[in-house]
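Down below are the structures I want you to see.
Across the two complexes that follow, chain A remains constant while its partner is chain B and subsequently chain C.
Moving on to the complex of A and B:
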């Protein structure tokens, strides 16, 4: 199997999402709170996996702009769960870099007043695996 | 000993490309009982059938095996062929070497081996076949239509015009169905009531049609040609023979706070009510749950004001038992509940409404007298957003997997009507796909865009958030321009998915008619028998079978009527002789078989029998051949092996299995 296909398969395995169920309704992109800051939009994550272009996803700004709020996962009418897909792409990148996970006890000192709650919650969700 | 002929069909290349038909012929010739075997390109063709006929005559065949397609396809063809050439039709067996073999295998050797085995099994069975005679049953020349929407009305009219009696059973106080709630109808924009009311009047006035409104089917027994049905006529509390329909009672009734079902809860009605002005019959009913007289014993205003003396608080439900030859299901649909779609704020804001509610709002007889206004504050909206596919085309647990089919068209209709009457109102439609196949349908949608300036945006809405200023913030995607839209709207209309009327489950159970996972009634064949249920004598009309608009509903209603007429025109029906038959020497009267029979075909009677010289009275299972559908549930239940299915006896089935395992 080519490296491209392999990576796409890995994304599907990690996320448990099936990109072929997507009907391109765009409800994920309509829902996404970080939409404006993303270069690749949530409904496009799915197409990138379909095409096997995980490299582009890995290079994208979106990878780090997604809050893992999972609003898209909640609302996608086709159970495609694009939020899980971008999460999985991020996992692959993080794994390649050699896990730089925060430990739970390292977090409290980093928290300051201005940090949005959402970020904390999503950070935990992102790194709990 | 049987003299069996085996006929192997090529089905063009459908079979012959994967199965070595010559080899099958050769192997069949070696089977016990086989005196003749041959192959041919198309056995079902006239030439093929002539070949079978010639062989029957020439070789004095007593049974035949046709190795071809599924018996569903051509069993009847080959049975009637056999009959034409003097052979009992039940001496014919089909070995399905197409669907069960050539179509699903790739390897020729394997497929051929399997075809030989299938032929062998069929030959083993025919060796034990006995000629069977089809019986006869009578036909009651009257039809029942369940549901009085446009589908039920049209079916009833067509059957009645052919000269047969029809009864319509409608659960609400009036016939008319959803169409009576619509304002104008696509694709011609004529007023719904204007085209529906004449049909309702025709049905009510037709000498062959009897209408039971405020009534429900309670029990069904019997079978095709001879159903017996109990209809519960709910107490109206108004004597229909006396009521003149003056309407004074509704005006004076002091209990006026019950949400009107007809107006989808957007307005209230009195306790004594007719759902709408053109209701048929124009006789009110008392909603006993809302009526003060029934709740507290006081009031009685309607009785006092009724000049005709029609009010009858003591009226009781009535059970009417009637016989029918055919039953048509036309129970229609409702829109789904939106409780699970919090993101669209339907439960939070009065200004988020369903399309069916919008029909009522736009209707002159509706809660706003046809004036387009926000239901929260009565203000005229300036910005209206339509959201398509709400709850349709969903793979998740919240919605329906299918496309509701009618909403793309009715939204284009709504958008156009609004732009036409209120040109300063902006209308935006968020769609996933615009689906408008149908005569003049796409042109209709294009008119909305090109002539009426309706703003169509490809992309679903993510959420609708009510704002403190009373407006609604709509957040959506525009996939073609790759942008996220945040816009304020005064009203949001949801093209809500439709689903079969929930009561259809109970109806289907009573009729032993099958329904699919979405509760739509299943057709006998999705392409070739679309208006028949697999249960004989039960027919399908309208949206209960699948989403459709009025033109399609009316076409299907007519088709169902034709099928009913074809049935009622017969004086007698031939019955399937492959029914269950108990061996009275083996039956011990345990009663298990009657419990499993889904058609209620088995009873027990005490009879004198002669058991090897001993005469005694025994309780024995008896099968009503007219009721038995040959499902075989009893034969596998019987602990003493007394019950057998004619044409599918235990011996025959075991012989087939033995032949396969040989």
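Moving on to the complex of A and C:
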């Protein structure tokens, strides 16, 4: 199996999502609160997986703009769950490539006295291996 | 009535009042929150990857401990509730996760998702009843116009969370009404506050929170209530004149136990 196909298969396995169910209605992008910040938009995620172009997803800013708000997951009429697809691409980057988006030494200046522990824990989970 | 209780990391630190108001209110309403003796942090976000097991184990431990005591497990923080409820769903319905988690943990009794996970608001609605709550109110919040801020994690995905209608919820509006105040329904009440993005990209979260607050104010809200410490933190960052309270603070106030709660 080519490396491209292998990566696409891995995204499907980690996400549990089936990109071939998508009917391109665009509801996910319409409802995404991070749409303006994303270079690859939620309705496009599936096309990248179908084409096996995981590299583009892995390089995408969108990995770090998803808020896990599950708006796309809730509102997808075909249960494709684009939020799971982008999360799987993110996992490949943090697990296999050391692509951490948050480093421990970055944190102290970002902390103020009201900052809830929940924010640090969540950010670590999402941004770092 | 006694429930197992999972406070979570933030309620032991920056959101101590969310916890204290809830405990005092529970006492006034005649039920007890029995804190699990050995809980661990839920991780804040539900691990979406189908192959993630280790990051779900702290939730499984809490769920199994409540099961041993034969109690439902009550949460307050929206994030803890989301993670525990979804991991519980995995343990009940995803064979691979259930098998691997049980193999790893070797519990005396296998855990297969039997614990009922209840958010404190669900206890009020389903176990106590909003009518009973209304009868116990000694300081009705008459004339106050309150907007419910649901956010994401209590509602979505609706099929698993089963908290309320994910697009048109009413549980917090019913709660507000039971306290004698006037609920203000506004369009952005179940849209995201930005969540953890506020750590690295505070402006993104700030813009989202401004939209939420403008929406609420436009419909006449004079204050917002939430169950989530991170939602509250993000909303407060806009420095608008719209106060944001934990729902338990208003509850304790209406039940007349606000002062003693913080002692």
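Annotations for the structure displayed:
Basically, the second predicted complex is superposed on the first by the 96 of 129 C-alpha atoms of A that agree within 3 Å, B and C clash if a C-alpha of one lies under 4 Å from a C-alpha of the other, contacts with A are read in each partner's own complex, and residues count from 1 in each chain.
We take it that a contact is a pair of C-beta atoms (placed from the backbone, for glycine too) under 8 Å apart; a residue touches a chain by one contact, two chains touch by 3 or more.
This is a predicted model, so every value here is computed, not measured.
Contacts of A:77 after superposition on the shared chain: chain B is touched, whereas chain C is not.
Applying the stated contact rule after C-alpha superposition, one finds that A:34 touches chain C and leaves chain B untouched. Touch counts on chain A: comparing chain C and chain B, the chain ahead is C. After overlaying the two complexes on the shared chain, residue contacts for A:43 are found with chain B alone; chain C is out of touch. By the touch criterion stated above, A:87 is placed in contact with chain C alone, chain B being left untouched. Comparing which residues of chain A touch chain B with which touch chain C, the overlap comprises 71. The residues of chain A lying in touch with chain B in their complex are 21, 23-32, 35-36, 41, 43, 71, 75-79.
Every residue of chain A that touches chain C in the complex is listed here, in rising order: 13-16, 33-34, 37, 64-65, 67-71, 73-74, 83-84, 87-88, 91, 101-102, 107, 110, 114-123, 125-127.
Those residues of chain B that touch chain A in the shared complex are 343, 389, 393-396, 398-399, 432, 458-463, 475-479, 482, 484-485. Contacts from chain C toward chain A in the complex involve residues 8-10, 13-15, 41, 43-51, 55, 77, 79, 152, 155-158, 166-167, 191-192, 194-200, 204, 208, 229-230, 233, 236.
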